[in-house]
C-alpha cells in the first residue's frame, strides 16, 4: 500500500545463520521500505526469532549481508543496530524489573549533563512520551515490577519511540494481550507506519496480521517460503506456506493417523483454509542473548 | 470504557483515576491512539517474575511497611540511643570518630561489595586482596624504597590486576563469580604468604601511617576516605550512566545487553572497582597497622558480606543502595563499640552481634512479606 | 628488656602491700608469684586496657581470666577488647578503649601505629610475651618461646642422637596454624635454635600448616603424612602450642613410630597436662613449657599497676617446664576435676 | 452433547477468593459432568487462573464450597486435589528441568518397592504411557531441559494420565504450540472426554474452543458472566460476554478517543462479532504458588 | 509428515527416527492420536530457561565433552598418578587410609552441603554446629557423666535443633538461607563460647576417642563413618522418594509443590540432615581431638563449600551428585597429603590448592561451554 520505488531502508541478502551444526537461517533475502509493515510468519522453529535477533545485532551472521539505507553494515552488538536506527521490541520485553520506567526507557542512551545523567530531563521526556500514549502509569518513577503486564508492554514499546529509530522490529507484541490491548498495539504499528517508519511485525495471529501488514513474509525451516503483498494474497495461501513451506502442496494424508473418535458436527480437525482459522499460535521462549 | 473496568483499575492505582487520560492534549498525535486500555489490565503482570504488585501503591503501605522498610536506619538509631544512655563515653565526638575509623576498612570493602551485588556478582577475593596489597605496599616502601606515593599507586595497581583476573574468569571463561573469586582468593593469599615468607612486614618509613593518623579538621584520614568512598559510590550509582548501567546489568543482563549497554565492560568496571576498593582497604590497613601482613583480613569477605546483607540488599542483583550498606556497616561498628564500652564479655558480644543480625533479617523478611500480601 | 630489680618485698610493710603469700592464697591452684607488691591502697583509681589477640582461643581466654581476677583483687578497672586474630585492627580497637582514659594499655603483639598513638595519648604500655621498642614487658616472646622449646629438647635429643638415633637423619618439624604469623615465627625461631644447638641443617626442618577443623586432629593427620614421607627419619617436634603436639604424638603412636619422635609442647594447657600424665606418651613428650597463662594474665595487671605508679616490676621467671614428673605437683587438682 | 443427568463430578458453589483487598473471584458456581469439556474464557485478569488454582488446591477459598462426586471437599494443598482425582496441566508446565522424563511424570507419586523407588517400573510405565502418545522422545531418561517445547508439553500432559485422574484441568495447553501441535492437544482433550473424563479447558483461542468444548463458561472481573452450551450459542454472544461481561451491551462509543489515523480498507479496529475474530490471546505469567 | 519435517527432526534426535512412531501398536487407543507432530518441534524449547539442547544428544558429544564432564574424577586420578610416581610412600594402604581419615569430617559436612545445594539451599551454620556439638558432647560426658552413647545422642539432638531453627527461619519466616544461616552461625558459636567460657573441654573419659581411633578391619572408624555417610547419601538421593523429592524441590519448588510434594517437609528434612551431619562431624572431632572446643571448625562452612564446588555442583539447585562431591573432597585430601609427603613449603601448598581449584573450575566452565555451543 505504501510501498515505494525508493531504495529500501533495510535489505537482507542471502542471510544465513549456523548454530554449531544447526542451520537456523539460510539464504534469507528481503527488502524493507519506509512506510510499510512487513509481517513475518512461520511455524515454531522456522527461524523468525533468529532473524530478528540477527537484524538487532544480538547474533552475528554466518552468511550474507545486511544493508541499511544502502550501506553495508555489520552488527557486532545490539548497540551497533541501535546506532543504525533499528529498534526492537523483544517478546520478553527486555525490561529491568527493579528499575523505574524512565531508567528503562533510556537504558543505554541516558541523557547526560556534564558527567552526570540528566534525571530531570529523562523524567520529563519519559512523561512526555508516555503522556503521548495516554497510558495510565502511576508515575515514571515506579519500578517496572509494580506495573501490570499491559503497562510493561507499553514501556517496552515506548522505548522504540525514544531512540527515534526508523526501523522498528516487534516480536509478538500482542502475544500477552487481551482484545482491546492488542488492538491498541496494532493501531500503534499502523501509526508508526503512517509516520514513515518501517515496521517488521512478528505474529502468529493471522487475523491481526491481516489487519495490519502491507506485506507478509513466511518462513519455513529457516528459509523464506514466500513474500506476498497482503492485498494480492489469500489466507489460504499463507496458511499453506506456513504449514508446508509451499503454496501448492496438499497435506500428506497419512501424516497423522486418524483416531476415529469422529465427532459429528464438530469443527474440522485440520485447517481447511477457512478464514476462521488461527493457524499458528506461539510463545517465544525468553530470548537468549 | 465500561464502569466495571474503570472501577477495577481504580482499585489498583488509586492515585491515577481513569479520567486522567481524558485530560491530556497529546503532543504526538501519531501515537496518541495507543492508549487507555493498557492501564486497566491485570495489575499482577503476565510476563515477569511474580513480584508483589498493586498493594505496593496503595495508601495502606504508608504506615508499618514504611517503618519496616527503614529497618536498618531505625536499628542504627535505636542502637545509638541505647548506648547513649547506657555509656557516658558513647556520645562523644572522639568515640564516634573512633567508630568511624574502626569501620573504615570494612566500609570501603562494603561499598565495593554493594556495587558488585547490584551488578549481580560477588567478589570474595577482597580478604586476600587486602593481604597482598598490604604486603606489596610494605615491600615497595621498605625493600625497594620507592617512596610512599608510588607505593600507594603500586598497591592500587595490585587491586586493578586482581579485578582484571576476576573479570577474565567470570566474564571471559564464564565461571560463576562466587566460585571464581573463592578460588582466586586462596591463590592470592598464597602469593601474599610467599612474598614475605609468612611474616608481617613492619614499616620503618612512617609516611603512610602518619598520613592515616593525621586528622585534617579533627577527623581521621581514614574516616575522610570512608566518607569519600561512600559519597563517590552514591554519586556514581545514582547520578552517572555507569551506575545506571550497573543497576541495569544486574537487574536483567540480557535486557541491558540488548538495550546497547556494553555489559562486559560494565562487569570489568565492577570487578576493577571492588579490586581497587579492596586495595585501598589494604593500604589503609598498612597505614593503621604500620605493617603489611599476609594474614591480614582473613575472612574479611564474609564479615563484609554480613554488613552488606544487614543493609538488606537483594541477592538477585539490580537492587540495593550504598546508603543502606553504610547503615549496616555502622550498625556493626556501633554495636562493637558500644558493647566494648560497656565491657560486655566478648562471647556475649558475639551472641549479641548474631542476634542483632538475625533480628534484622527477620524484620526485613516480615516487611517483604507485608509488601507481598 | 623490661622490668628491672625486684620489688616484691621491697615495700612490703605489713598491711601496706599485698604479700606473695596473700597473692598465692588468692590465686589458689594457679599459685601466682607476684611481679610487683601492689599497695593495698592505690594512689588513685586506675583504669587499664588490654587488647586480647583472640578470646576464642583457650590460651588467651585463660590470660583474660587471670587479668580479670587480678583487676578485681587489686581494685582496678580493666577493659578488654578482642582482636579476634585480626591484628591489623589493633589501632582501631585501642582507640575505642582509649576513650575511657586508661593509664596503661597492654597487648600482644603491638604494632608501631598503636605504640605511637598510645604515646601521643600519654598512655603507658606494658607488653606481655613480646617486645617492642622500649616498651616494658615481661613473659616470653616468640623468639624466646621458640628457643625455650629447643633448650628443653636438647638434652633428650642429644641422648637419643648419640644412641638409638645414631646415624639417622634427624628432622625438625614445626607445627603451625593457618594465618598465624606469630605461630610461624615461634616455629622458625626453634628451627634456628635447632641448627645452632644440634647442628640440624635448615634443609632438614619442615614447617607444617595443618588444615582441618580442630588443631589436634588436623596436626595429627598432617604429621602422619610427614612420617609416611620420612619412614627412616627421627623427628623432633616443636609447635606454637600444645594441641598440635599432642596430635602429632597421637599420630606417631598410631603409626608405631613412637621411638622416632621427641616433642616439646608450648603452653602447658590441659591437653598437654593430660598427655604428660599418660604413660604411653612418656617416651615422646619430653615436656610442656608451662606459660601459666592465668599467672601471666594476673601478673600483667601487677606490671600495669607498677608502670602506672612509675615503679619497676620484677623480671618474670616463667620457664617452668612441666614434665611427667612434676605435673601433678604443679597441677594437683587437674586429675580430680 | 455428552451432558448427562447424573450428579456432577465437580461442582463449585458460590466460590470466592480474596487477595488482601483484591476480590479475584466472587460467587462462581458451575457444575462439571463426566464426559464433557467445559471451556473457560475471559479477558486478562478475569480470574480464570485463580479459579483453576483454587480447583487444584494451590489456593484455598475465602468463600463458597467445592464438591467432588457429591462430597464437600476442602483443599489445603495440591496433593489434596490430586487425591480427589483432579489433575492439572499448568500453563508453565510445572516440570523440573534438571530431572528426567520419568522422574517428572511420577513426581510426588513415585512407585515404591520397599523403602526404595521402583525406578525400573517407573521407566517402564513412562515408556508405556508416552508410547501411547506415539511421541518421539529420545528416552524417558533424558532430562527435561534437553527436550523441545512440544516434547515438554507432552510430558506435562502425560502427567495427567499417570494419576488416573477423572477431572482434568488444562490452562492454555496450546498457547505455545503451532498449528499441528495444537490440533493434537485438542484431539487429546476430546479423547479424554470420550474416555469419560471431565475436562476444564482454559484458552483464549475462540476457534479452538469452538472445535472442542461442550459448554463454555465466560468469566468477567471475577464473576461468571455466563455459561452457554456451545451448540446453543454464537461466537458473537461469547465475544460480547468476554468483552462486556454481558451479551447485550453495545460498546460505549467514547471508550477510546479515535485517533483519526483512519485507514481505508483496513480491518475494523474493534471486534465486530465476525467469526474471523480471535478475541483474546494471553499468556499467563509463571504460575505463582 | 513431510520429508522436510522429518529431516529436521532427525537432525535433533538422531537416535529416534521418525519411523519409530509408526512401529507402535498403542495400548491406549484413547490417547493414541495425540502424537507424532510433537517430536519435530523446535528443539530449543519455548518455555524453559534457555539451556543448551540439541547438540547435547548428538554423536560429537562423546569425545572431549565427556572427558570434561568427568573433570573432577580425572583430576583426582591425575593427582593420584602424579603423587604415586612422585613419592614412593603415597600409594600405600596406610597412607591412603590416612587421607580418608583426614577428610572424614570435611567429607561428612560436604555430603550434607551437597544435599542442601541440590535442594537449592545453603547451610552456613555447620562450623558453629561442630563447635557447639563438640562442646556439648564433652560437657555431657565430663560434667554430667551421662556416658558416651547418651552424649552422642545429645550431640545429634543439637544438630536436629539447629536444623529446625534454620528451617523455621528459611521456610517459616522466609529468609534466604544464605543470610539466615550466616546469622545463625554467629549466634551458635556465641553459645558454644559461652558454654565453656572460651575454654577447650578435654575428655578424660576416653570411650569416644577410643571408639574413633579403633580400626575395625584395619580401617579407621572415621573412614567407615565417611563411607557410610556417602553411601547413605547416595542411596537416599538416588533410590528413595525423599531424594527424588529433594531434586524436584531444588529444581522447581513451585512445580514440586503443585505435583503434591510436601515442600516444607522436604526443606525441613534437608536442614535437619545438614544439621545432624554437622553434629556427626562435631562428634568425630570431639573423638579425634579428645576434646570439645568452641573455636573448632572456624570457617569450616567455606572449606566445605570449596570442596563441594570443586565437585562441580550447580548453584541453582536440582542438580549435583554426592559422588562428585566425594571426588572433590578427595582431591583436596590427596593434594594436602601428597604435598606434605613431598615436603612442599606450606605457603606453596596454599598456592597449589588455590591453583588446582581455579584449574578445576576453569575446566568445568570450558566443558559447560562446549556443551552449550
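Structural remarks
Chains here go by letter, A, B, C, D and E, matching the order in which they are written, and residues are numbered from 1 within each.
Everything below uses one rule, namely that a contact is a pair of C-beta atoms (placed from the backbone, for glycine too) under 8 Å apart; a residue touches a chain by one contact, two chains touch by 3 or more.
Keep in mind the model is a prediction, meaning the values are calculated, not measured.
When the C-beta contacts at D-E and at B-C are tallied, the pair with the greater total is D-E. Most remote from subunit E, judged by the distance between CA-atom centroids, is A. With respect to subunit B, maximal separation of chain centres occurs for D (centres as means of Cα atoms). The geometric centre of subunit A is 45 Å away from that of subunit E, both derived from CA atoms. Distance from the subunit A centre to the subunit B centre is 39 Å, each centre being the mean of its Cα atoms.
Separating the CA-averaged centres of subunit A and subunit C is a span of 76 Å. Residues of subunit B found to touch two or more other chains are 12, 30, 32-33, 35-37, 41-49, 54, 198, 346-347. The residues of subunit A that reach two or more other chains are 44, 149-150, 176-178, 180-181, 183-184, 187, 191, 194, 255-256, 259, 261, 282-283, 285-286, 288, listed in rising order. Within subunit C, contacts with two or more other chains are made by residues 55. On the subunit B side of its complex with subunit E, the touching residues are 169, 173-176, 178-180, 182-191, 193-194, 197-198, 299, 302, 305-306, 309, 315, 346-348, 350-355, 357-358, 361-362, 364-366, 368-369. Here subunit B touches subunit C in the complex through residues 89, 92, 94-95, 98-99, 101-102, 104-105, 130, 134, 198-200, 202-203, 206, 209, 213, 285, 287-291, 293-298, 336-337, 340-341, 343, 346-347, 349, going by the rule given at the top.
The touching residues of subunit A, counted against subunit B in their complex, run 56, 58, 77-79, 82, 88, 90, 92-99, 103, 107-110, 112, 115-117, 119, 128-129, 131-138, 142, 144-154, 157, 159, 161, 176-178, 180-181, 183-185, 187-188, 191-192, 194-195, 286-289.
Interface residues of subunit C facing subunit E in the complex, by the touch rule stated above, are 55-58, 61-62, 64-65, 176, 206-209, 211-218, 220-222, 224-226, 228-229, 231, 243, 247, 250, 254-255, 269-271, 274.
Against subunit D, in their complex, subunit E makes its touches with residues 9, 12-13, 15-16, 18, 20-21, 24, 26-28, 30-49, 51, 53-54, 56-57, 235, 239-241, 244-245, 247-248, 250-262, 314, 318-319.
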